[in-house]
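In what follows, subunit A forms one complex with subunit B and a second complex with subunit C.
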Partner chain A sequence: MAEYSWPKQGTTTLIGKEVDRVDGVEKATGAAKYSYDIVLPKMLFARVLACPHAHCKIKSIDAAAAKSVPGVVSVQLLAKPKEEIKWQGYLLACVAAETEGAAAEGLDAIAVEYEVLPHFVTEQFLEAAEAADRTGKAGATVELENDAPEDEDEDAFVEAEVKRQLEAADVVVEGYYGIHSITHCCLETHGSTCEWQGDKLTSHLSTQNVSGTAGQIAGPLKLPASDVTVHCDFIGGGFGSKFAADEWGVICAQIAKETGRPVKLMLDRETDQRIAGNRPSGFVRVKLGADKQGVVKVWDSVQWGTSGIGGGGVDEKVVPYVLTPPNRRSRAVRVSTNTGPSRAWRAPNHPQACALSQTAYDDLAAKLGIDSYDVFLRNLDSASNKKADVYRAEMEIAAKLMDWKAKWHPHGKGEAKGSIVEGLGMAIHTWGGAGHASNCLLKIHPDGAVGIQLGSQDLGTGTRTAIGIVVAETLGLPLSDVKVEIGSSKYPQSGPSGGSTTIAGVSESSRRASQDALRQIAAKVAEKLGVGAEQAEKMVAKEGRVFVADKPDAGMTWKQACALLGMQPLEVQGKYNPGREKSPLSSSGVAGVQMAHVAVDKATGVVRMKKFVAVQDIGLIINRQCAASQVYGAAIMGIAFSLFEERIMDPATGAFINADLGHYHLPRLGDIGEIVVEFYEPASEYERGVIGLGEPPVISPGAAISNAVANAIGVRVPVLPITPIRVLEALGGNGAVPAKWTSGASS
Partner chain B sequence: MAYTKCSDDLLIAQGPACMHLRSKGMYVTGKLAPTREEDGMGDGYCWCNMTQKVLGPDSEMVERGLCVDGRTCFERII
Partner chain C sequence: MTQPTRSNPSRGGFHRRDFLRGSGAAAAATALATGQGLAADETGAAVVGPGMSKITLNVNGADHAVLVEPRMTLLEVLRYQLNLTGAKPISGDGTSGGSTVFVAGKPVSASTTLALTCVGKPIQTVESLGGAKLDPVPAAFVHNDGMQCGFCTPGFVMAVRAFLNKHPQATEDEIRAGLNGNICRCGTYANVIMAAIEVVKGGARG
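And now, the complex of A and B:
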């Protein structure tokens, strides 16, 4: 049985270093071809007709006029008369034409009569949802130190025990917190370009699931999955929303088949915003009880939120988040709304859970007049938290980088410069990040050329670069000597990019294949040099040579070694299946601490980011530059949903009224402030192997920034994003939750 | 002795799942029809492989707890 390991820490040439992305120039210059960029001879352009109403019934739909529009080649009706539509943006029809203009004209010519039905689109107020009969039971999680007596009704016991714990607490904090739905805002909208060669289909699909989507297209088309190739060299954002081939991916292939011509169908921005993914909202009412030191003893909450018509919302199992007290009751209510269905968004559940609960811990600090840092520190030793030592060390690092102790002041007690006040806030997070299953094919040619193929994708992690680093490090070659091919379902299956699993997964398979290949080549070198088997096992590859580790002269160049392969290339499969065994190459489970420094103008309500510190453990770092990029990107995305992003639903019309990037606000460079990224990496982290990083650093910003604003102005702005109007409303309420936020009234 | 209780009406499986059920978590973990959300992997985000949307062929919602035997469009894996 072959053994796999990483080089000893401090001996690497590429691993852990700052390495430019191998495809960085392609991406920066526009040479990289995304699905949106694919242009094929005789290609048709398809556009979709989306339902304008949040809830309606189709009375009639007539495509006759559309078919006669010059340039229109195909019209597909996707909805039927009498069909009930339950959210705005639902697809009704698709038109393919010689030009995008003709396709748009064709859509305009489709005549649809609607019977508009009552809708419900705003879930911020639980009472309003209940009054509209749009709520349903969701999960409930209860953990108590004392067990229920055998003969006692469990519900009655829990009710009494939570009440008793709250009454026994030195201090009780009651709060209301929320975070609105946001959309994925992929720079490249969802869609594909499809072409057929006979019975074989190639879909140039914008996907974070290259190996998994061919079967999704084949299913509805009733094709063998082997007849479908999914190809995606570059993806312009996914963030969890591009795992499925999607209805429009199948329609594109169908029209291409029907017309015998390639078809491009990329969603327009409005439709993409409405139906191609959003993150569920979350709102919570909390009552927590703590001792005088700020250690929480009991948590009692009711949360609600929506993921669209199905209800859903945030998983109550992660509320409260990370800092779980010994007694808690977390209940959840699902709210069904006439809004586009949600999809996984970077770290599903965690950013919302953090924002819904670590704000309450900060309000506890404010009530007690204790430094928030100390309250977080004192609550680390809760029963469910296994990484308290890591959090403590990371908090210490973050505090130094932020100069927390010098800058912190009691909530609302900082020095004001005119109407400007400043504040600090922090939050902590956790994530898994175990590598996904991954296979690769490593091919080493007799001339020394090295190529590796995986059915993986680059969601932004720098996948090509990471694979190249692992192979080049193992074989002792420059990175430029390794040709990495990803982005095709014809390559060996590798997992989707989700759950922060990619870098650990592809590192596993590529390291395994490279070590296996090196062993085979080393054996040939040893045989050629006439050294014994013992010496052969000590052979290493470094700086373009293969040699006995402690005898650099006992070896040969890489090219000479590869010439010993004979006439045919050496092919080695790398395989990793995480279910089978604990691997020495990767593991899971990270912590992370983030701190925010903000300035708030109490006259205008505008919040400015001054500094954001992110301290993160991730095990062994493959590419320091790309790892840091992941954290920078996550921090920016976090600042975005903390201060700017919100899907705004109009309660009167049911419309998603800012479904474009003009009115759906994203931060600009000047809105970001200074971001400091620091990895927590004692030797023990390197020994854990590779762990995924994409998601954890996007979790804490909401709570950290909200806490910083509360520290600055002395009152909580309860709902994210913290827009100027919400700041002014909170200040006007003088710290109390404005009545309209608890009355159930629609706003 | 501590008291713990966790109910999750959305995700508790009611028998084997339909062979056309898909979720993000199924692709990430490689597991068929998970019964519960696993470490935030997104098992709650489901769609139907035959319609490629969150509504099944019967126009009802696709969900782990709903795509089970008894639904008109249900198909068993084995």
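And now, the complex of A and C:
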């Protein structure tokens, strides 16, 4: 069994350096072709008709008039009479036409009669959800230091024990916290462009799962999966919402088949917002008990939230988040709403869990009048990932970068400049980030050309560049000499891009293939030079040469070495399957600390970001530039869900009323303040190998920013995003605690 | 309860079937059109549409004959007739800045500009900044990693190009205040700021 390893730390030429993206110029000059950009001869434009009601029954649907609209080529009805529709945006019909305008006109000509039924779309108040009979029990997690006596009823014991712990605590904090649903808002909406060649289909699908979606299209079309190719060179955002081919991906292929013409079906922005992904909301009622030092001893919470009609919400297992006191009871209630179904969103559960619980820790600091930093520090021993040391070190770094000690003041006690007050907040997070299964095919040609293929995708992480860096580093070549091909299901299977698994996964397979290939080439070089097998083992590739490590003269150029391959290229498969043994090339498990500095205008309620510090451990870095970008991007996305974005449901009509980018607020370039990204990198990090980085830094911003606002104004704005109206409500005393709580978990 | 039929959510911008008449744009279009789809109404004003008309658009320095309906946006024509797909359909209403192109030297949202109104005006797309002589703005985007998924990037590159053409010596504060017409979901703003600063320092002017 061959051995795999990374080059010794400090000896790399590409790995760990700041490397420009290999496809950067294409992206920056419009040459990169996304699914939306595939333009084919005789292509039809398809658009969908989406249900305007949150809950209704279709009385009738009639496409006759649509078919006679000039330019309309195909009309597909997707909903049937009598069908019950349970959320706004559900697809009713699809029209394909010669132009986008004709398709839209065709949709307008479809006549639908609805019987509107009662809906429930707002889950912020548990009492209202209960009254509407929309709640159900979800999970419950209990951990207690003391065991129940054998003869005692378990539930009664837990109830009494939690009560006893709370009564014994020096201080008890009661709080209500929440975080609304947000959507994925991929700037390239979901969809595909499909073309048939005979019985074979190519779907240019906007997907973060190139290797896994062909079968999803083939199944409903009753095709062998081998007859479907999914192709996606570039994807305009996914964030967890583009793992599936989806209904519209199948419809597009069907219309293309039926009309005998290529079809482009990309969702319109409103429909994309309504049905193509959102992150579950979460709300919680908490009681925590702590000692005078701020060390939390007991946590008792009831949380609720929704992921659509099925209920769901945030997993109670990660509430409280990271900081997990020895006694806790976390109960969850699911709320069923007439809203589009949720999808995985960057670090599923974690951003909400962090915002629902580390805010309570900060309120504890406020109540005790001690520095929030110290409260976090004193509770680190309860970290669920046992990384107290890493957090401690990172907190120190972050505090220096933020100048925390000099800037911090007790909650609400900062100096006001007119109506402006400032505040600091922090939060901590954890994530796995293990590499996914990945295969690749590396080809080295007798002329020295190097190419590698993987059925992977570039979600924005710089996948091509990372693969190129690993191969070029291993073979001692400049990055430009390695041709990386990803984005086709015809290439060797590689995992979907989700959960921070891609860079570690593709680095595994490409390093393995490259090391294996180099061994084979080294053997030929050794043979040619007449040096023994022992010398061959010591051969390295560097700066375009293959040579015996301690004897640079005993070697030859890369081209000369490859010429030894003879007529045929060398093909090597790289394979990585996680889960068996621990790999020397990758691992998992990170801890990060973030701090926010905000200014709040108490007169207008506007919160401005002044500074945001993100300190993150990371393992071995492949491309320092793209790694940093992941953290910058996560921080900005975090600022987005902390201060700006929210799916706003209208209780009266059941409509998602800001389902566009004009009213669904995202931050702009001027809204982000100063962002400082720092990697926590003792030498031991390199030894851990590659770890994914996409999710962790997006987790902490909600709590960190909420805590900073609370520190500034002296009261908690309980629900994210912290919009001006919520700040004003909190300052007016109406926001902190909803007047009507019900007690205990319901139903 | 029964609601009236067909309450499809508004798909703004697709009801542009009104004839363009009397405006400078329509007159220009008429002059350049081949006669297909052309008529004069009873007032004698030139009328274009409602069907296809052949017009000429000058894009990135070259004339292109294209077939347009009055309701067609510049974005549709650039993308689907000229295969210039750098300008992106993101929000459809100009909110995102993703379809930014220059018309007569000014940045506009191609998704909210009718193709007919661009006759006789030079159009410049992001593709013109690429090629053998890479413009300093996209170069700085690459160098500062001002992109992740990259879908917003061409529009952002055009916005930065336009802003720096006007303010070649812009300070960081001016950059932060002046580039708020574009949305990036991946969160590249910090990198875009660095890119713009680099272009200013390099004194590049397009």
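The rule is short, and it goes like this: the second predicted complex is superposed on the first by the 733 of 747 C-alpha atoms of A that agree within 3 Å, B and C clash if a C-alpha of one lies under 4 Å from a C-alpha of the other, contacts with A are read in each partner's own complex, and residues count from 1 in each chain.
Heads up, the rule we're going with is that a residue touches a chain if its C-beta (ideal position, glycine included) is under 8 Å from a C-beta of that chain, and two chains touch if they have at least 3 such contacts.
Everything numeric in this text was worked out from a predicted model, so none of it was measured.
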- [ ] After aligning the two structures on subunit A, examine subunit B and subunit C and state clash or fit.
- [x] fit
Task: Contacts of A:168 with subunit B and subunit C, given as first, second, both or neither - done: neither
Task: subunit B, subunit C and vertex subunit A (Cα centres) - angle in steps of 10° - done: 120
TODO: Once the structures are superposed on A, label A:64 by its partner contacts, choosing first (subunit B), second (subunit C), both or neither.
DONE: neither
Task: First (subunit B), second (subunit C), both or neither touched by A:460 - done: second
- [ ] Scan A:437 for contacts with subunit B and subunit C and give back first, second, both or neither.
- [x] first
Open item on the list: Touch test for A:349: subunit B only (first), subunit C only (second), both, or neither?
Closed with: first
Task: Contacts of A:101 with subunit B and subunit C, given as first, second, both or neither - done: second
- [ ] Spot which of subunit B and subunit C makes contact with more residues of subunit A, would you?
- [x] C
Task: Partner chain in contact with A:225 - subunit B first, subunit C second, else both or neither - done: neither
Task: Shortest CA-CA distance between subunit B and subunit C [superposed frame, angstrom] - done: 20
Task: Shared subunit A surface residues [contacts with subunit B and with subunit C] - done: none
TODO: Spell out the part of subunit B that touches subunit A in their complex, as residue ranges.
DONE: 1-10, 20, 22, 24-25, 27-30, 37, 39-42, 44-45, 47, 49-54, 59, 61, 63
- [ ] Sort out for me which residues of subunit C touch subunit A in the complex.
- [x] 1-3, 5-9, 11, 14, 16, 69, 71-72, 76, 79-80, 83-93, 95-96, 98, 125-127, 129-131, 134, 138-139, 141-143, 145-154, 157, 175-177, 179-193
Open item on the list: Give the list of subunit A residues in touch with subunit C in this complex.
Closed with: 20-21, 23-25, 27-34, 36-37, 39, 43, 47, 49-50, 52-53, 59, 99-101, 104-105, 107-108, 110-116, 185-188, 234-239, 266, 268-271, 458-462, 625-626, 628-630, 632-637, 640, 659-662, 666-670, 672, 675
Open item on the list: Can you tell me which positions in subunit A touch subunit B when the two form their complex?
Closed with: 83-84, 137-148, 154, 157-158, 161, 209, 212, 215-216, 219-220, 240, 243-247, 249-250, 307-312, 315, 317-318, 334, 341-344, 347-350, 431-432, 436-437, 495-496, 498-499, 501, 579, 695
